[in-house]
Every structure is written in C-alpha cells, then in structure tokens.
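For clarity, chains are labelled A, B, C and D in written order, and residue numbers in each chain start from 1.
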Amino acid sequence: CVFILSMRSMASKTPVGFVGLGNMGSPMAKNLLKNGYPVIATDVFPESCKELQETGAQVVDSPAEVAEKADRIITMLPSSPNVKEVYTGPNGILKKVKKGTLLIDSSTIDPAVSKEMAIAAEKMGAVFMDAPVSGGVGAANMAKLTFMVGGVEEEYHAAQELLTCMGANVVYCGQVGTGQAAKICNNMLLAIGMIGTAETMNLGIRLGLDPKLLAKILNMSSGRCWSSDTYNPVPGVMEGVPSANNYQGGFGTTLMAKDLGLAQTTATNTKTPIPLGSLAHQIFRVMCSRGYANKDFSSVFQFLREEEGQ
Amino acid sequence: CVFILSMRSMASKTPVGFVGLGNMGSPMAKNLLKNGYPVIATDVFPESCKELQETGAQVVDSPAEVAEKADRIITMLPSSPNVKEVYTGPNGILKKVKKGTLLIDSSTIDPAVSKEMAIAAEKMGAVFMDAPVSGGVGAANMAKLTFMVGGVEEEYHAAQELLTCMGANVVYCGQVGTGQAAKICNNMLLAIGMIGTAETMNLGIRLGLDPKLLAKILNMSSGRCWSSDTYNPVPGVMEGVPSANNYQGGFGTTLMAKDLGLAQTTATNTKTPIPLGSLAHQIFRVMCSRGYANKDFSSVFQFLREEEGQ
Amino acid sequence: CVFILSMRSMASKTPVGFVGLGNMGSPMAKNLLKNGYPVIATDVFPESCKELQETGAQVVDSPAEVAEKADRIITMLPSSPNVKEVYTGPNGILKKVKKGTLLIDSSTIDPAVSKEMAIAAEKMGAVFMDAPVSGGVGAANMAKLTFMVGGVEEEYHAAQELLTCMGANVVYCGQVGTGQAAKICNNMLLAIGMIGTAETMNLGIRLGLDPKLLAKILNMSSGRCWSSDTYNPVPGVMEGVPSANNYQGGFGTTLMAKDLGLAQTTATNTKTPIPLGSLAHQIFRVMCSRGYANKDFSSVFQFLREEEGQ
Amino acid sequence: CVFILSMRSMASKTPVGFVGLGNMGSPMAKNLLKNGYPVIATDVFPESCKELQETGAQVVDSPAEVAEKADRIITMLPSSPNVKEVYTGPNGILKKVKKGTLLIDSSTIDPAVSKEMAIAAEKMGAVFMDAPVSGGVGAANMAKLTFMVGGVEEEYHAAQELLTCMGANVVYCGQVGTGQAAKICNNMLLAIGMIGTAETMNLGIRLGLDPKLLAKILNMSSGRCWSSDTYNPVPGVMEGVPSANNYQGGFGTTLMAKDLGLAQTTATNTKTPIPLGSLAHQIFRVMCSRGYANKDFSSVFQFLREEEGQ
C-alpha cells in the first residue's frame, strides 16, 4: 500500500477527478485546470457539466466513471445524503475506485458521515480525507479558500498539493472528520458572535450610543470579535460588508442555519451541551421562515430591530 | 455657572472627594494621592477608611461632609441602591453639595439611575457624570483602568484630568448614562463570546480536535474573539489567564452575572430583544447557584464539560 | 388603629374611590356602582371620566381629592411609574389619605413597588394591598375577574367585600407583593406553556401528525397544559379561541411581553435563574418588533411557522 | 398479501417473537406470556434471556432465528443503531423474515429510522409499525403502558391485539413514524412544562409565596400543566411523586435528554424552529454532566435552586 500511494503522489499532473460542479465546485475545478491538471468531472446537472467542459475538462456520466479514470478525486456536494450517494451509491465512486486512490471531500457535512465514508473507502483500498472550506464563491474564484483537512497524516501532503491550487490556506486538523469538526466549530462561534454583536449594537443604540463609537469601544475592549471588527452588522458602521449593501451577498442565513444544524447534530450525538449554539441555530431557523433565508446572516441585526412605526 | 465651573477647572490640586473605598475604590483613591491631589474620603466600613487615612487621605464621616469640603467628587459603589443613598440619602452628597461641583460616579449601575442622579445634581447646581471602568483590581492598582464617560461634553476635560490619574484610557461616550451603556454593552458581548468559546472548544475537543490547534484555527478565522485569542477558557491553551490557574483571579462569575442583570434590565426597559444576552445571564446565574460564584467567569468551560466518570 | 379599621369595615356602601378608568378600570368601577357603592373616581383622560360620570359616579380632579372623600380606594393603572405617581406624586393619594383608609391596587406591577407603596401608606396610617387580576376586558365586564391579593391578613376580608363585586375568584396569597408574585408566576408559566405548545404542534404537523389528533394525544398525556387543552394556538383545533379568529381578541403579545418583563426584573433582583422564562420574554419581544404586538399571544404559532412559498 | 395477512391475524395465540429484554422489554414479554401467547425471545445479554426463559419463554440465539419461528415480532431496544442492527444487521430479523410478518417496534427512535425500517421490511413482504410507549417500568409491569402506533391502518387491529396485553391505551397516530412523532412531541412539551414549572415555583418561593398555595393558584389558572398539577417538582407540594422521594424513581434525566435529542434531530431535519425545546434539551444535557443523570427529570427544580450557604 505504501508503494502504491507513493506512486500516486509522484504522479503530479495526472488527471484529477471532480464531482459536484455547483457555485463552489465549478470555480474550484477551474483553478485545477488553470494549474495544469487535467480534470475529469461529473455533476447531476448537465448545464454545470457543459460549462466546465468548455473550459477544458473531460465530462463523464457518473462518479463511478470518474473513479475509473482518476486516482485523485475531489468532491464538493451540498449535504450528507449527496455525499453518501456519490461515494456509496449504485453509480458511486467506490463501485469503481482503484486501490490507492486519494479521495478528498470538500463538502460541509456531519463528521460522522466523513468517518463512514473513510471506512468504506479503506475497504476498497482507497484513502478518504475530509477538507471542507471556509470562504465563499468569491474566494473560490480567486483560489483564496481555506481548507481544513482531516485524515491520515501520511496522505496530507498529497492532498495539500491539490488544495493549494484552490486555496490560500490549508490546515491539517487531525484524523478523519476533524476538518469538518473545525469548520463546524468555527461557524458555530461565528454565529454566536454575530447574533451577540447584533443584540449588543442594537441595545447600545437604544441606550443613546452612536453605533460607530460603540463599535470602536467594543473593538478596543473585551467585547471585540470578528463580527464587531471585520463584518459589523449595523448599516453605516463599515464599508464593503453586506450590512452596507442591504445584506446582499455574503453568507446566506440559510447556509448558516445548515451549518448550525450540523453543529447541533454533532453536539447531540456527543452529548455536548451547546446552549448558545442551539439558540443561535433556532434564531437563524426562525429568520429563514420570516423571509431572511437569502440575506446575509448579519441581517440578524435587522431582524431584531424594532420595526418602523412601532 | 460658566464662571464657577471654570474656576473649579483651574483649581487643580485642590482637594478631591472620594466615596467608596472597596477593592476598586481604595487603589483608585491612592492613585489620586500619588498624583498630588489631597483626598477627602469616606466609606461605610471604618476599616477601609483607616487604611486610606494611613496613606495620607483625610477621612470624614459622611458623603455630605465630603461635599462640604471638595468640589470634585468621585464615587465608586457596588450597585444602584448604594449610589442613590450616597447621592440622595439623608447624609448624601446632594444635601451639602456646592454649586458647580463635579460629581463623577465610577460605579457600574443602571444608566437610568445615572440619569436620575444627573437630574437631581442639576437641581442643586452640580454636574453629574457617569464613568464606569473596565479592568479589575490589578488595573486599578496600576492606574491602567479604562473609563467610559457619559455627561455634558463641556465638563469632559475636567473629568479627564482626574480620571487619567487612575486609568490608561478615558473614552467619551456621549450624554449622561452612555458610559454605563458602553460598559454594559461590552460586558454583554464579552459574556456571549466567552460562553460561545467555551461551548465551541468543548464541542471541538469531543469531536477529536486538539484544543490548541482549534484555538489557532478559530483565531485565524471568523470565529475569532477576545475570549478565544486573549483569555481562552480551556486549561492548557494559554498561559497567564485564569484558565491556567484553576479559574482563580480574573473577573468573578457573580460580577458578570450582576452586569448581565443590568443589561437585562436596560433591555427590558427599552423593549430591546437580547436573546443570547438573556441566556448568557441565566447561565451565569445558574453557575452562581452551583458553586462558581467566585471563580473567574471563564470557568463556564468547566461548568459545561462532562464530569469525570460519567 | 384597630378601632378605626373596624369602623371602616362596617361602613359598607359608603363611597369607594377609584383611580384609573381604562379598558379594565372602567367596567370594574361600573360593577361597584351596580352593587350599590357610590363611586368617587378620577383619571388623567377626561373622556374616561365623563363616561363613568354618566353611569353615576362622582368625578374629581386628582387622586388626592379621591383620598379626601373615600376611605376605601381601588387603583387600576398601566405600570409601576403610574402607580408611584398616583400614590406618592404631588397630587397623589398619600398627600390627603385619611388614617385607616384601605388602598387596593389592582395594577400589574413589580412587587417591589407594591412593597414600597405599602411602606409609604403605613407611614400615613393607611393600609395598602396589591390585588392584580387575571382575566381580560370581557371578564371585567361580567365581574368574572380573578383577584390575587397580597397584604396584611386582617384586612383581607374588607378587601374581599369590594373585590367580589368585580370578580368571581378572590385568592389571598400572603404578605404585600405576593398578589403580584402570583400573577407574574402564573403568566410566566403560561407564556412558556404557550410557546412550548406552539413549537410542539408545529413539529408534530411537520412530522405528519394531524393537529387535532396531536392535541388529543397531548391532552391525555403528560404534555397536557392549559395552552394545549383550553387555548390551543393552532387554527382548526378548537373553536372560540383567538387561533380560530386570526388571533384577534384575547391577550395581546405586547401585554404578555410586559408581564414577562416584570418576571425578568423580579428574577434578576432575587437572583433567580429563569432560563425558559427569559427566552419566552425574548421571543414575545421579537414578535412585538415583527408586527405581532396587538395579536393574541397564541400567534406565536404563526410566528414560528414556515412562510408560504419557502 | 391480503390473504396472508388475514391468516396471520386470525392466528391468535400462535407464538409471538420478542427482541430486547431490558427493563421495559422483559415485563412486556411477561405480560404476553400471562395472556397465553407463547413467546420466542432473544437479547444480547444472556442474563436477560435466562430470566425470561424461567418464566416460560423459548429463547433463541438471534433476531433472525426469532423471525424464522414467529410471524408477529415485537422489538424494544435502546436507540436507533440497535434497531438498525436488529432489523437489518447480519443476524437481523429481515434476513429470515417470513412474508406477511407483522413487525412492531416499541423503541423510542428517530421517526426517519422507523420509515427506513418500514421500507426495508416492505421489500421482504413484511409489515413494520412503530409503537413507542409512554409510562415507565412500573406501567410496563402492570400492563398500563400507552402505545402510540404508526403504520398502515389495515394492520392496526392486528397490532392492537398484542399491544392491549401490555398497555392500557393504544392510540393510532397515522402513517409509519407518527407513533414516534407523537411520543417525541409529548415528551418535548413535557420537558418544557417541567422546567417552566420548576422555574416558576422557584421564583414564586423567592418572592414570598408558599409553594403549596402557588401550586394551587397555578392549577386553577392558565399556568396549569401536568408538571404543576400531577408531578410537581417541589418537595412538600405533593405526595407519591419523585420530588417527595429525593427525585428517585420516575423518569431519569438522561432518558429525557435522549428524547429531547430526538426532538432536536427531527426538528433540524424538518427545519422546524423549536427555541424552548432546544433550550430544554441543553438544560437537561448540562444536568447530566453535573450529576443529575439518574435522578428524575423533575430534579431540575433542585438544579436551578440556589445552594445552601450562598
């Protein structure tokens, strides 16, 4: 096995498989092409395939076929059931995977599913790593994503070779599933910090403080956080952030609600109390049902404010 | 009135009154003495008075007597009722206050009470400002406190002259009560960030992440906050913080619960929703009833962890 | 004093004072008139006074004047500051109150304020009792209110004589302030039960259960509560409740938010943790800012439901 | 298929299979024996099997073997993974199940897993129903359980025949999974009502109310719920409940936390906001980590109370 793996590691610029050509996957695959890697790709939507084909990728019909033709495969899919289907479904990667193949899943999913996939891959002689990203479509286009990678350490360098074509930071987190864990943890704390900042700014404004001054005070004090100093949710405090643009762009509330759902599920399964994380989840969930699903998650400031005319 | 006020402003090194010689007030008064100001002080506890007397202060019997002898007075008291008593009680400052006296209250209290005191002071021809501090006993000793000041802007420089003897930062926040507002807002966001960090670190550890690595990832990402990068609640992640010393020292859970009580009261009175702030309040309140009252508030990490042997 | 009090108790059908002729106070005063008591009334709105005058009451200019003419006075006011003003303000009851007068406050306020008023009344030789009501305008009209009474037990019967003219149930709760405490406690548990019922019904419906069947199952099981079996928030489950009438009528969300604010304040002041009560408060507060202020509080079901078209 | 099914339905007093002989399953199986049904049973713990064998059951080695010998099988297992293993594992029921067999699962699990099992059973020509119970070991012994049944309506009567031997109430809830849904919903509302009652009683006591009187007032008012009127969590208010016996017996906090975990998972999966349900889950989870795992869940009253000596 060591021999097979090292053969593959040396085989730079041999074809790389790519499954999942959505808003994120498509620019990621293009960045592999730009770096000189032949790409063999597939997606359930023919439109997405066609677009990538025009950029130079070879398009095939199924994940299984990708696995026949590439011994390094990246997957970027919306959620756990899609990952299960693409790996272990009837036309899945593991139906045709070659021994020693490196499988890198950049989807954000339950780490328990990552572990399942790793075990299933190992049975076929392949190696599975989870490598979810932070950064949105803009970062994907500019190859500025951050990858958080979980899996056997010996394979990390082989993964890094590909991931650096698509991202600015690649962080090794530990065993399989810890990449997901790191992403979920970061986003849970981000969600808590954002709602906390929105509540705090709103309270301060009602108590007579100028919002810019309040932000300045928080940012030089122990209330400081990323949501207060880099992505402030109050219109007028900062430029170039979604709050300055009616909460368009950025990271949608529905996506944050999804990640908090994963945080909740992993916390429930590991019997970990997350009181603020749970409440943050519920708040973004209610927002989704009140028309905020597609606004940036910092619109929680708007959601909590008193309506005009009250 | 302008004339009287400007006389007082010029009167540097004339006596300064000080009411409230507790853990914070005592070192603050000493720093005024060190800066060459005669201090006329009082406190309900004779022991506290005696100690300051030995350092050179003149001790008198009541706040009213302080007001007779000083036209700049600083108060540092535990809570709203004490402030009401010291200003408007039968032996209170306002019974004997001279026209033009500058009254600076550094207690952390409800901003509505600050406004009441300001109105009462104004009726007597005096000026009241709120100037609560951040920083604990250590910062008070080393004259490194931060003062957040609310009150009429014309008086701010007169206040600043004294406050800089006791603190490293003096921030003007706006009208009376906004100093309190700024402090309450900061501490509410701090509390939310700390519990959020504790939950997140605990979840990450249970999911197999190394705590130092997780802290590093959060601190380079959008989960970053003061509690994760400067005051991490997980033993072993940082040195020189309470989590490295069994949660001794620092900012007691009971004090944080008090400040969150103020945040809750001001939010209730202004009809401001603070879902995470409210829950943070409740969590620290439960901790107080479970034996954590005098531990640093970062001990919420310990509170949320599963017990050994479960 | 015993002598004076017993004189007053015997003095049935002597005039009764009434301060506060709003939606609740007006029908309550009318019920006293119907029972043969002369009523001497006042209110800050002349319109309200005029209407009651037409029903036979004598209208005077101030609470102080009411106190001059009646030795039993009932007050029904919106909130704590109004109560303070009416009792201890410059034209307040206590300015002219006669020794031995019985003062019954039916407002829903902070029990700490009730205690303050009781002390102030005692100094004037009068007796203050708190007697907040449950039941809305309909119950007030039909003399079907429930009164929860706090105050010295010896005076309870004198209070009961009047309260039974306006209510169907009069419950003695203990020392001054316990009437308020009982009302606040009941409404907090009601709020929690209502939100809990709304969440539960919504979850069950999404999981495929028929709402009527689910309500039936809950009501024969340990999930049973007043909100599930008497005031179900799901349209179509019950008749004659606000959920059957687009959440009109009933108990407005803004009134529930006010009562939860009192619960929060008393809990903060007594250092009592109320995690669900606090969160319920925040939810109704958010609802008020999202357009639900004047709908019945059971509209929380509607608030939590997913929007059409999502 | 209709023919096969009706044959089985007529076949009363033919053997009934039973898998899972724990605290609940064992007395349930005994009640089938008492009603004259031969029982063919298995469990992973030989001790449990031995005990039932002595009562007259035939013990076999695996769920598959049970399926060979019985065309009506009841399963009572701790959690979703056990149910998957017993039905679809290598020695599982579905390996040997006969066409037309009626499979009744009384475990409390995720309704999504119930649906999976129903589909897997249908592929083998068998019928799966979920029938979780409410009521504890005492009710199981006395055949006083309540069964909430989900599955095809035509099979309900066949299931009812067996379930009435073990329970006092059998309620048909709808399609497969709705039995679980009903149980989860009930227990979520129960959990909310219990914590709400504990908070409310604690607050009332601190405000000076006698606990028995407060319970009486709540129970005649809109705060009434099962936890206040049937299972009050405050020692001294009622007899014959766990709060009267140091919170021993009853329904363990860890079991409630498990059910709330299921509620959370189904809510997350159906994107249903459950703010109070989530917080209740977190509170019981924290209690489990603070030493309350095996106390009755009404011990939340004790958990929230201030400690002696504070």
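Definition applied: contacts are C-beta pairs under 8 Å (C-beta built on N, C-alpha and C of every residue); 3 or more make two chains touch, one makes a residue touch a chain.
Labels paired with UniProt names: A, B, C, D = 3-hydroxyisobutyrate dehydrogenase.
These numbers come from a predicted model, not from an experiment.
Residues touching across the subunit B and subunit D pair largely coincide in numbering: over half of the numbers involved belong to both copies.
Each chain gets a centre from the mean of its Cα atoms; the one farthest from the centre of subunit B is D.
Separation between the centroids of subunit B and subunit C, computed from CA atoms only, is 38 Å.
A separation of 52 Å divides the Cα centre of subunit A from that of subunit C. Subunit C and subunit D have Cα centroids separated by 41 Å. Contacts with at least two other chains are made by residues 271-275, 279, 283, 286, 288-289, 304, 306 of subunit B.
Every residue of subunit C that touches subunit D in the complex is listed here, in rising order: 111, 134, 146, 148, 169, 171, 173-175, 177-178, 181-182, 184-190, 192-193, 195-197, 199-204, 206-210, 213-214, 217-218, 220-228, 230-231, 263, 266-267, 270-277, 279-280, 283, 304, 306. Partner subunit D is touched in their complex by these residues of subunit B: 279, 286, 288-291, 293, 303-307, 310. Residues 257, 261, 264-265, 268, 271-275, 278-279, 281-283, 285-286, 288-289 of subunit C are the ones touching subunit B in the complex.
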